[in-house]
Amino acid sequence: MNITDQAPILIIALPLIASLLNIMVGLWRRAFCYPFAVAALGACAALSVNILYAVINNGAIHYRLGGWEPPWGIELMIDHLNAFIAVVVSFMSLIVAVYSKKSIEQELPADKTSYFYTIYLLLATGMLGITVSGDVFNIFVFLEITALAGYALIAIGDDRAPLASFNYVIMGTIGACFYLLGVGYLYIMTGSLNIADLSRLLPDLYHSKVVLVAFAFFMVGIAIKIAFFPLHIWLPDAYTHAPSSVSALVASTMTKVGAYVMLRITFTVFEPYFSSEVVPMTAILGWSAFAAIIFGSILAVGQTDFKRMLSYILIAEVGYIVLGVSLGNRQGFTGSVLHILNDAVMIACLFMVAGAVVYKRGARNLNDFIGLNKKMPVTMAAFSVAAVSMIGVPPTAGFFSKWYLILGSLQAEKWAFAAALLFSSLINAVLFFRILEKVYLKVGTDHSYAEEHEKNPPSPHFSKEGTGGFDEVPLTMLVPIVVLASAIVVLGFFSGDIIASVIQFTVPRGF
Amino acid sequence: MIREFEDAIIQTVCRILTPFLQIFALYVIAHGHYSPGGGFQGGCILGASFILMAIAYDINAVKRRMSEKLNTLYCSLGALIYAGIGMLCLILGVNYLDYGVLHKILPVDPVKARALGTLGVEIGVGIAVMAVMVSVFLNIASGGEHEEGAVE
Amino acid sequence: MEFIISKYNYWIYIVLMMIGFYAMIAKRNLVKKLVGMNIFQTAIILYFISIASKKGATIPIIQEAQGAINPAQYVNPLPHVLMLTAIVVMVSTFGVALALIIMIYRKYRTLDEDEIIEILRGKK
């Protein structure tokens, strides 16, 4: 068999089979689960790069499952956008999997770790499945695989995690069911589920009420799944109380994959003409994204819990992505797709830092960051890079996507959107400099830290750090953090290349 | 929550019924590609027969016949048969789940090979569904402890 | 009136879906929410099965090859297949949600959302 020809299916089948084998590996030797999962995800990452190269060189890949011809058979369809998202997802899952070893050992009972990696691999399967699928119903199935794995992983977090996860189940199911209804309405109009086939059949039916209803169901369903502003309420709880490595993965990839589905539905299944002219969907999305950015940023200011603050920032970041899409011009779309990559890296890095602090200090309050530069200099340096990138300071990756988004807003003459982007950057600056100040400038705070812990003695596991000693997290946690932090800088330098070789081909026709 | 209780009628009826249920389940699985039925439905019936035992007797009655480990193994084994048959087609040089190619390793013609491939997948699905049904029931009935009366 | 009666299955689907939706959003008891979720998903299954059905059609299994096949004689199998998958998804969601409910009950000793929120406030 030819690996390149079969790569589209292997990228789903490999983590799936690995997750099933992982159960057996876990029954045999529990310690082998972690290397096994990492190896499987590493192979996935290699495959995704292989696919990306194939797409760049030869154009879109169409893969027929079972040899049946689409639209009757199931088709996997990969173009530049899919391949790009698949690379992001597979690399993020790999890096977070490497990171998860120690933090999971601390947060989970030992006999549950094998199940953790099984579900983790299933989550990766689901997300990769969404990205390579060329069929609207299969996207639903993979969305649900992803969501179910996500519910389970979030529920193993701290005390309040089950409740947060339950609310997520309810909201997520509503979202998925709405999506399914959208699929059903499209099916009765066209008799097809294949994305390419749908985009060929739909233009004649654009003014049918059924198609409009289907579109509305799709949009609401996906908006719930990506925690788009008015429907975001499940996200902060779920992501705050999840285990640290799970938050890092879920925050960086799940919303991005959802955003990808939104792009597919609005611009491939339906044409840009439909989404902007027939229904004013892009206008609605744009103003909701505007609200998401403003409210996400403002709510983030009020938080004292670091992970909760990041969750609200994530809501604003989802707003960024949708905002760029809604502008309906080349710059905005480029900014959005680039931001999918940059935000995945930045948010994952920040959540990993949060996880590292939890690992060492057992708490994630902003005050726990005081004086950390002495104890965890490397982690804090990585944190500074990610924070600076989040604010959007030039050499880092965060600057470039914001730059394109602002250019797009100006080109579309949506001054309010540009103002919102700047406002959010300003808020981010306030937020992160407040923490950086605690990390680097507050000296003599060991005292206050000790005082605080006298009232509230930490569990013996966390108290082994001395005062002022050098106390860095284990290497399996440190390396991923550093890799991501350097990726932020490197991606910044290469963003021009990324746009030239991949992203410019993802922009839909008519922009 | 399930406690052992003695009711001769229920226990006897369930014990008589169970073998017939299981045979019927196997029939549904085996005829999935000729008539209504298939892996999902047959697996559900097979799982129901175990759940019936758990209700009529207690969880231990099921655990004696299928331990937690074995159950977990069945869960992954069933799905692995499915994915494995797909991979087998892939290794034989065609696309995933293109069963026709199985005639290269089976002594039958491609049409028959396609039917046999589907049957293999149905069996895998049946095992997985049965194991998952039993596992869901046992876990929820015992609060994840797999023990009698573990939910307070 | 004719319109309502001739399409009664779609009306039932809408009513069921709204009942389920209401229960998911408005009920304060977590188990009731879950029951609402199940009703909601069942309504969607009813909808999909309705779009597949044809008057006087039979199950789509062809016994022997007998020349040209008249598609009007058979119901559309595809929505049924989709719903088989959706049922599996539904069962798994239900299982995960029940497991979560057990965890929540162990922690708070109640399944009423208001009482849980009160307990959480009391903790702070």
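As written, the chain order gives the labels A, B and C, with residue 1 at the start of each chain.
Convention: a residue touches a chain if its C-beta (ideal position, glycine included) is under 8 Å from a C-beta of that chain, and two chains touch if they have at least 3 such contacts.
Computed from a prediction, not measured in an experiment: that's the story for all the values here.
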| item | value |
| --- | --- |
| Smallest count of steps, each to a touching chain, taking subunit A to subunit C | 1 |
| Which of B-C and A-B has more C-beta contact pairs | A-B |
| Between subunit A and subunit C, centroid-to-centroid distance (C-alpha), Å | 29 |
| Geometric centre distance via CA averages, subunit B-subunit A, whole Å | 35 |
| Subunit B and subunit C, separation of their C-alpha mean positions in angstrom | 24 |
| Shared interface positions of subunit C, touching two or more other chains | 99 |
| In the complex with subunit A, residue positions of subunit C that touch it | 21, 24, 30, 33, 37, 40-41, 44, 47-48, 51, 78-79, 82, 85-86, 89, 92-93, 96-97, 99-101, 103-104, 107, 116, 120 |
| Contact set on subunit B toward subunit A in their complex | 69, 72-73, 75-76, 79-80, 83-84, 86-87, 90-100 |
| Sites on subunit B touched by subunit C in the complex | 34-36, 40, 136, 139-140, 143-144, 151 |
| Footprint of subunit C on subunit A - complex, ascending | 137, 140-141, 144, 148, 151-152, 155, 159-160, 162-163, 165-166, 169-170, 173-174, 176-177, 180-181, 183-184, 187-188 |
| Complex contacts: residues of subunit C adjacent to subunit B | 59, 61, 84, 87-88, 91, 95, 98-99, 102, 106 |
